[in-house]
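Structure below; questions to follow.
Letters are used for the chains, namely A, B and C, taken in the order the chains are written, and counting of residues starts over at 1 for each.
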């Protein structure tokens, strides 16, 4: 159970296609669109709007500065730079359309087929795509020039073939992803034909990414075409930005300004395409990633910032209380500057040697509460209230202070064992890193203690597990390793966040046994976060029930199960499937052979 | 009378298509049957092959051996067109209500998918959709909304409505409540039972949770490592199991009662102490 | 690990064969044109035919390819059609220039990207905005465009420090080499830095959000150890994939940039050869470049396999 925000916030029914309108609200997207539209118009109407014949030479105006009859000046052969720029725009527009179109047609169709059909089609086309991607495009185009001579269209079509893999890989990955979605299975079960599934479910997903990719590819194609012209492998018979760059470059010491005009056109056009692609992508990824994608610094503690910096031992401290949370509130920033509180003033205690079960459904704030104790809330969370450990008040946002507590006095067992080991390091190596960070033992000492501990948590060959990589061990074993890691530094308090939810029921029983044994051996206090009342009944001394960020009931396990006080607790206990209700076998009962 | 669904010696292998040598068999000859209007609960742990059985029945995974007979028709090797005709009588509800609905389609689009596939007109579909939403307890204005506006339990109701759209004879339910909160789980299960009592649809109900399976099933089959280890009435299998693995499974799932759980835990430790069932079971299976 | 090495090696060798084969076939399908190109428009049909026969262009394509290939395998790359210089000796003088440019560029790219990307991911702020800006600018502006700007704004005003044209080999003078190679290498690597740094930043951020980071923190592992030991290593694999693709793009970019700075490397050689239709030189350069790409990608694959144990089995 992850603590996500409730999704049933009903708003007005939403339409499907907002990409276009959203793009125009994005300033970068709007500017790029306007620039590209202008360039397109200039390209289309070039023959009618040029002030002079782009090829006409007027030797008197050779290398004239801007501002004369030639608005942007004359080039080394006395031709009008402005007219040549305009004529070259047309060439550029045609070139980028050719290259992008070729790449799109080849890449998208191959990607759809490879992704949807898989098998040999996929293997072959992926192999070809990898080959093409390993080629430096410009070198191939240079080699091609030796055969075909100067032809913008041939080299741009060839370039289209060379960059087709970018569409291919994009579409193939998307299609493979969609194909494995349950909703495609559901459509198949509903009796939809392959063609319908492709057009209804698959094309919808790939459409926008293809447009984005197309704007990038068009940008790259324009710089590639100009690059070829620049090194002289272009069609000398027509003006082009690259060719003009080359002429200006040869003229560098006479009229350096001539380099600016084609350079600007090239830079502006390609940038507009890339920015358009970026704007589209931002629009597509939408707000769901905005909050997470930015690195955020730690937000300073909010309401009690001035008092909480000092460590103070509260006078009325009860020696039996290991952990105490007072009026804990947690909030997250929302878009629009507001914040949303997810935990509303929770007060609870864990006593020495006690197992406290923190129970609740999705979105109850139970995991948030547990992470606060470890000082491991996401950096953009803001928190108020106090957390005290053995009477010492901790400031959850004081990273230095919390880092001293973590590992040494508070241990943590996570929910998904397979996601909680670093895949790049051997199991033993990362256990040693953790233990040494907490205790400062020597490597050898740490290793000896961890091997003993791995044996204790029921791993049959500690040496082999120690030397294994995380992907080489099973989920149950990984959870044993993580428990060993959590208790290695002999913490006084263990925070276990749904430690058995991801495990099979038989493994769950073994892990619960292990936790019980370790707890009684070491007299640890345990805060066990779970949604499963069976787990609570098995392991916990006391229960705290949370609903929507509030603590609704606390009591000893036997009391709460026997006589729940709060309506919500009653409702939860009532929803446990009735073990006495059984459906009788139909008289006609079928057979299952063993 | 012939059963509605009969599975005989079903085998499924996964692995590279080139050469059978690398193929790994995950179902080693499964036989079972379901009567009209009956719920067969299929329980097992991860890797037991329970989901694969469901997918093989639905034609989403190819069978490498054996037969599946549904409503008198052999369905294990149908082509696409024949499969599509079958959709009218054979439907599914999947585990994850977040990915089983296309996030881009409105609920009305989702629900009309099977109707249109079977050739219904759009006005006809609209009346059916209103009726379906009512059947699964959702307000009628849900039709215009997108899946993300609904909670997990509500989405699973939508998925059930989609499965009901064509009035099928059998629905394969693959872990339909395991990603739902406890309070929602019971309501969705009761909805499924109510629908069955009203329409006489049969369920192949797949779950890892013995308590859930016990609640909804008439009969239960226990699956382990691609074999069926035990089968019988829900009462027999989930109260007095015969097979050691089923016993272990039953005793391993904690009950929400501290006293009963203490007793169950002690029985389990006695069973584990008696012999190491995990070793013995492999040979058994 | 052994199969991992062999598979990558085999892929590389296959690539070289396929590319040279394809290039060869493509070029020689227009056999008549080659001889015509060499002789010019004035030559008679008979002269063209005689030239084609002299160069062996009239033989079956497979025979020609086989002759070329067996020559290459025994070290004989043929001779230029125009200068009668052997292809091998042309390569030997040109290759070191291109290699020193390209290796300096990839080194700059790797080092700067890791520093910028890590910094942007861990601290945010101005460096993060710089990486964001670079990722757009470096992608949007062609590297030869940047090279032209560097010539205009840096090389010309600071002629004593940076040379706008020419090349001094490393073996002759280190400072001379540096003054001729720095600006071109800068121009080549900006595009690479822009996308590799962005990738390092992105995958660092992704890694930092993964569950195991929280678990490591819960054990008291320090912030620096988490950043540089765990997050960076996990981020390395996707970053290196981008680096290997960027290397190909950088090699292509070098072809143009060499000509802006008048570096006597493979770029100007292949451009001139292509303009003239000097097929043996073109074939030689293409083969060399693909071989360099294959070798660099192999090195990157190995580094990847070393950093990421999962890559070795997949």
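One rule holds in what follows: contacts are C-beta pairs under 8 Å (C-beta built on N, C-alpha and C of every residue); 3 or more make two chains touch, one makes a residue touch a chain.
None of the values given here were measured: they were computed from a predicted structure.
Chain centroids computed from C-alpha atoms place A closest to the centre of all protein C-alpha atoms shown.
Centroid distances from chain C, each centroid being the mean of CA atoms, peak for B.
Look at where the CA atoms of chain B average out and do the same for chain C: the two points lie 54 Å apart. Note: centroid distance chain A to chain B, computed from Cα atoms, is 32 Å.
For chain B, residues touching at least two other chains: there are none. Against chain C, in their complex, chain A makes its touches with residues 130-131, 133-140, 142-147, 216, 219, 223, 226-227, 230-233, 245, 249, 252, 256, 259, 263, 266-267, 270-271, 273-275, 278, 292-297, 371, 374, 376, 399, 403-404, 406-408, 410-412, 414-416, 419-425, 430, 433-435, 437-438, 469, 471, 482, 485-486, 489, 495. Against chain A, in their complex, chain C makes its touches with residues 11, 15, 18-19, 23, 26-27, 29-30, 33, 120-125, 128, 136-137, 139-142, 144-145, 148-149, 151-152, 205, 209-212, 214-223, 225, 229-230, 233-234, 245, 248-249, 251-253, 255-256, 259-260, 267, 270-271, 273-275, 277-279, 282-283, 285-286, 289-290, 293-294, 297, 307-310, 313.
Within the complex formed with chain A, the chain B residues making contact are 1, 3-4, 6, 17, 31-40, 45-46, 58-60, 80, 83-88, 90-92, 94-96, 99-102, 104-106, 113-114, 117-118, 144-146, 148-152, 154, 159, 162, 165, 181-183, 185-187, 189, 193, 208-212, 214-219, 221, 228-231, 233-235, 248-249, 251-261, 265, 268-269.
Contact residues of chain A toward chain B in the complex are 1, 6-11, 13-14, 16, 119, 181-183, 185-194, 196, 200-201, 204-205, 361-362, 504-506, 508-509, 512-513, 531-538, 557-558, 561, 571-573, 575-579, 581-586, 588-594.
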